[in-house]
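Common to both upcoming complexes is subunit A, partnered first by subunit B, then by subunit C.
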Partner chain A sequence: MAVMQDKRVHFRNKWLPYLFIAPQMVVILVFFFWPASQAIKQSVYLEDPFGLSSQFVWLDNFTALFTDPHYLESVKVTLVFSLATIGLSLSVSLLLAVFADQVIKGANFYKTFIIWPYAVAPPLAGVLWLFLFHPAGGVVAYLLNHAGIDWDYFANSGQAMLLVVVAAAWKQISYNFLFFLAGLQAIPTSLLESAAIDGAGPVTRFRTIIFPLLSPTTFFLLVVNVIYAFFETFGIIHAATQGGPGGATNTLIFKVFNDGFIGLDLGGSAAQSVVLMIIVMMLTILQFKFIERRVQY
Partner chain B sequence: MDNLAMVLDYSLLRFSDAVFLFLSFFFLLGYKCSIVWSNVLAAQLCGPVCLSCNGSIFKWRKRRMAKLRSILIACCMVLMISATAFAATEIQWWHAMGGKLGEKVNEIADKFNASQSEYKIVPTYKGNYTETMTAAIAGFRAGKHPHLVQVFEVGTATMMAAKGAVYPVYKLMADMDLPFDTGRFLDGVAAYYTTTDGKMLSMPFNSSTPVVFYNKDAMRKAGLDPSHPPRTWPELAAVSRKMIKAGVVKYGFITGWQSWVQLENFSAWHNVPLGTLENGFGGLGTEFVFNGPAQVKHIQQLADWQKDDVFHYAGRRSDGNPLFINGESAFLMGSSAALAGLKDNCKFELGITMLPYWPDLVKKPRNSIIGGATLWVLAKHKKAEYKGVAEFLNFLSSPEIQADWHQFTGYLPITYAAYELSKKQGYYKTMPDAEVAIKQMTLNPPTPNSKGLRFGNYVQGRDIINEELENVWTGKKTAQQALTDAVERGNALLRKFEKANK
Partner chain C sequence: MVRNVTWRTWLMHAVLIFGTVILAFPIYTALVASTHTVRAVITEMPLWFGSQAWENYITVLSGGASEVGIPPVGIMMFNSVVMALGITVGKLSVSLLAAYAVVFFRFPLRRVFFWMIFITLMLPVEVRIMPTFEVVSDLGMLNSYSGLILPLIASATATFLFRQFYLTIPDELFEAARIDGAGPLRFFWDHILPLSRTNMAAMFVILFIYGWNQYLWPLLVTSDESMYTVVMGLQRSTAMPDAIPHWNLIMSTALLGLLPPVLVVVFMQRLFVKGLVETEK
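Showing the complex of A and B:
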């Protein structure tokens, strides 16, 4: 943090800095705080889809949620899904970044191809994976079946979960890769060279120098990936499994979308999104409280 | 000068439209509040970290944002420029008919537009049924809704309950002095969309009913007679086993739309109730009862048939159709409206027959019920525009248009006149298969158990049924358990609907 303080700018006019952040604040207020407050308000109302009548129902929507065993099941599914997705995407992208950092010939070629999936919208990514793995017409599914693997995620919960985890992780690998690569390139080569001269092998160098120096990046990515896995994956689930079979991939965010935008249950959906918001806020605070201490800037 | 003022006025109006669109785009972005909110949280908190990691990525993102913005502005400009003058009153029609069906919808609109000059029907494809319905509702809340919207049958109760948002069709036609006789529609169709006192609230448009499609060539190969397809479930299982044993197919039968075919139509076909109060027609106090012995026996039997591939589960919608088209499955239970698509794609001789029944439950099957959609007129438009809507609905239900739609798509002819006209045109002589669906739906006069269903929140209700049935197919639950759970969860939704619409 010392670096930041050196760069601090001093304004002569007391109001000028507030003026500078005013546009951003307006945007945040109008587009983030206002809708969030609407969601909170909506969550204590029971309303018909057309908005013709609405009644205040106290916390009925919330009690309905927490007494519904399927909601708690969905929490469990979300945890499994998120942990698997985050673990897979972070580890694979770190591996790729370490390799890409060492490549000399055609480095840009590799980088471009690894970054490419980031340009694909989540629903499209879902459809893409669907085309490959659809039990009735997918190319890979066909090959798998011929290889003797009974691939049918319509009737197999584990396979359905595997499919959405891999698809969601694949989508996020590019983003993580970019940051890891940037972080790797910021590590002074002199450090690594002197360590190598002192007899540290590649594994030791990674463990004692690269990984600790990469920790700010890793921490940032962890936060971003948690948010990604919780919020931005419903496009993939929507396209590939639609929460099925039997709710095996029905994550919290997909449930919010499904109940609100498909089922038109606005109150229940708003209550779920409020709960989700609280969960992620808590997760982020926890991460900053406990994990950030171990990060070396 | 007057002209100039008018032009200015008009372009201002268009401009406000563009601004509205622009804002609503951002509103939509904002509506994903929790997503964006947390992103901002992350960005705010992690800002210093990322800046120290890599500044260029942020610059790159900023540049991308700038590009997005310029594209949006360009879109608005185009919208403004496209404000060409037109004389006819425009009537917006949002529908869910993609592909070939969508082309046919456009053709119908063109025909109507060419037949007169006062009104112009503008059909817009809005995605699948749920997307179309959600779009219309969101539009209504924002005051930007179409005049006509196509809503699928499970959304009927929701639309019926929305009293201030809907302009009932019988009332519209009476207000506009146009003839409208509910008796013109097939009984099964009319019953589904009228109130208990016989008033039709929406205009039937595309109705279908589930039938059995089968592979005639595969039957021949297995040494069976394709002119005698199985009529009962035990026969179907026996035939399937024979065909699997002969190695001509991998699976006996698959089913699309499991809730619609294996529960809703199964119950009507065997004359057992799905819910109390005449399947919900009698009032909002209805409760699900589809965990009766007949349904449990049937679903459990399907689960048992999975073991030797007589039955294969292939997804919630029509996901399994490719399995039938490529010859892996001998039978397919699905919407009669799939006929056109199957004909185009199947490389074998296609057969159609009625749904099978359980001879130990009924001596003879009753009648099947419909699916598909109707057109709802939304309220809060100008009176002059409603005149055009009424004229169009009148045009749409004429025998010529209906017969053509029926013959082209495989949907049912929804009026008796269209059915008669198709007969007269000799359609069923050349296409006897196309009559199976109508015969099945009108096999017997409907009973309270077989005239259809009207459950609130049923879009979610079907989701629950899908989930619980999948629990049976994956072996997590027995049929008894799953159906009882589905009834319990579904009833909670019904109570919620009752409370919201009191």
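Showing the complex of A and C:
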């Protein structure tokens, strides 16, 4: 995106532009800049839960954060969760997109039946999969138990992680599928035809032509998926496992909520918020850098 | 595509059908569960529809499931509609105007405003929940529609989309309108709004889904059951590890809660895809 780009022509009016932009500015000042600055301020103060007293503590909250074993554990959980979710949803959606791109009949039919999970709210996705995997009444849990697996995600941390990963990946497949399909449809057919004439089989064509040409799309999706896995999966975890058992699915975004609203540790929660803000900012900048490059093609 | 090998085409169809079936499987089991009694769901694990659908849906809609932790779904659906439409209409109107000011006027502080709006793109509400909650609480907006809606309007995705679009409107149109004597308001009303129709519709679809599916925010700012939204209304019914969940009622509620945005995606597919691709630019 060319961020600052201007029109040659414009109206001359002293007060009208301010009137037009005022609603936007009021909303973002009150509900964005004020809270964001509060978060930064709180992150360098130590406050008691009732807000009666607070004390400036420099970067103590951050030091405490990065030496807190629970926080480091949560970082690890977030990384495992994100890698698994992204890996699962990207690979499944790439497979489906490659096939949907190649079958001539029914591509639109498949598209309709693959994109709808995007619209399901994360907590509802969590509840749907919770039901399938629930020891009381869940079909998948029943099958797993009959296959000799001792299935109980209330007690087994690996199984709880599997549950939230499947639910999170399921919801994101639609999005990845759409972008992969668009990327595939942009690859010129002539290129693939000439490769086929040279004797390249479908696997070789995928490896040497399709996959390299898809790499901008894949990179873009990687960034979007990291943002998704880090920040937009709160509802899934809250509805399905509540971060448990024993913190096994306690991701960073869930921990901010839990420490702030349940644990009432304002300084610690604010410091966590600031860390997350920095992560999102870096990811967004990465995303913009990529888009700028894509536009130049 | 390149060489038509029949068995390969069949294989691809098989994988695609398998994929769509797996994707739809959770919805199918939810549908089935919503048509049985809870006893049947847990003891028989049915894979085909039962005869309790009417009872289950009437029960959750009218509030008969309150004792198992599900507030009246009828009221929650209404709240969801108000919140989703409030966010959608609010964001659209605010951003159409703000983008117009930034693109078609020159005024002091324009660049400052622009960058302030730009920064909001970077931070989703999830990462600043605590302080935003405090602000809304200080303003006395807990348990109110304005508390549910306004903080979620405070990001600029739509403003950027419209700004990008306005920049593509040819200068000639602007000059012709000026020669015809159109002022800023007339130009906005007669030219900008009609030209923005498709973009507005695409944004409407994306924002409606975004608004309807909000979870964390309603969870925080509503404590009064009459203000709950349907997406968050299930949280107390599944969180008990020892009690047996009332799956029939939970699944009826979940399906009612996911139906509106799913219908929007399926029936407005073209606009949905356009909106999704445009907001990533």
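In this text, the second predicted complex is superposed on the first by the 223 of 297 C-alpha atoms of A that agree within 3 Å, B and C clash if a C-alpha of one lies under 4 Å from a C-alpha of the other, contacts with A are read in each partner's own complex, and residues count from 1 in each chain.
Keep this in mind: contacts are C-beta pairs under 8 Å (C-beta built on N, C-alpha and C of every residue); 3 or more make two chains touch, one makes a residue touch a chain.
Here the structure is a predicted model, which means the values were calculated and not measured.
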Practice prompt. Tell me which partner A:Glu232 touches in the superposition: subunit B (first), subunit C (second), both or neither.
Written response: both
Discussion item. After the superposition on A, what does A:Met277 contact: first (subunit B), second (subunit C), both or neither?
Written reply: both
Discussion item. If we overlay the two complexes on their shared chain A, which of subunit B and subunit C does A:Ser157 touch? Say first, second, both or neither.
Written reply: first
Discussion item. If we overlay the two complexes on their shared chain A, which of subunit B and subunit C does A:Phe131 touch? Say first, second, both or neither.
Written reply: second
Discussion item. Quick one: is A:Pro122 in contact with subunit B, with subunit C, with both, or with neither? Answer first, second, both or neither.
Written reply: second
Worksheet item: So, A:Ser190: does it touch subunit B (first), subunit C (second), both, or neither?
Response: neither
Worksheet item: On subunit A, which partner touches more residues: subunit B or subunit C?
Response: C
Worksheet item: Of the two partner chains, subunit B (first) and subunit C (second), which one does A:Gly263 touch, if any: first, second, both, or neither?
Response: first
Practice prompt. Share the list of subunit A residues that count as touching for subunit B in one structure and for subunit C in the other.
Written response: 1, 3-4, 28, 30-36, 38-39, 134, 136-137, 154, 178, 182, 220, 224, 231-232, 242, 256, 261, 273, 276-277, 280-281, 284
Fill in: Sites on subunit C touched by subunit A in the complex
1-3, 8-9, 12-13, 15-16, 19-20, 23-27, 29-30, 33, 41-42, 45, 47, 93-95, 97-98, 100-107, 110-111, 113-114, 116-118, 120-124, 126-136, 139, 150-151, 153-156, 159, 164, 166-167, 171, 174-175, 183-185, 187, 209, 212-213, 215-216, 219-220, 231-232, 234-235, 238-239, 241, 244-245, 247, 250-251, 254, 257-258, 261-262, 264-266, 269, 272-273, 276-277, 280-281
Worksheet item: In the complex formed with subunit C, which residues of subunit A make contact?
Response: 1, 3-5, 7-14, 16-18, 20-21, 23-25, 27-28, 30-36, 38-39, 42, 92, 95-96, 99-104, 106, 110-125, 127-132, 134, 136-137, 139, 142, 154, 170, 173, 175, 178, 182, 189, 192-193, 196, 202, 205, 220, 224, 231-232, 234-235, 238-240, 242, 253, 256-257, 260-261, 266, 269-270, 273, 276-277, 280-281, 284, 291
Worksheet item: subunit A touches which residues of subunit B in the complex?
Response: 26-27, 29-31, 33-42, 45-46, 48-50, 52-54, 56-57, 130, 134, 137, 140-141, 158, 161-165, 306, 313-316, 319-323, 457, 459-460, 463, 466-468, 470-471, 473-474, 476, 489, 492, 496, 499-501
Fill in: Residues of subunit A defined as touching subunit B within the complex
1, 3-4, 28, 30-36, 38-39, 46-53, 55, 64, 70, 134-137, 154-157, 178-179, 182-183, 186, 216-217, 219-220, 223-224, 227, 230-232, 242-248, 250, 256, 258-259, 261-265, 268, 273-274, 276-277, 280-281, 284, 288, 297
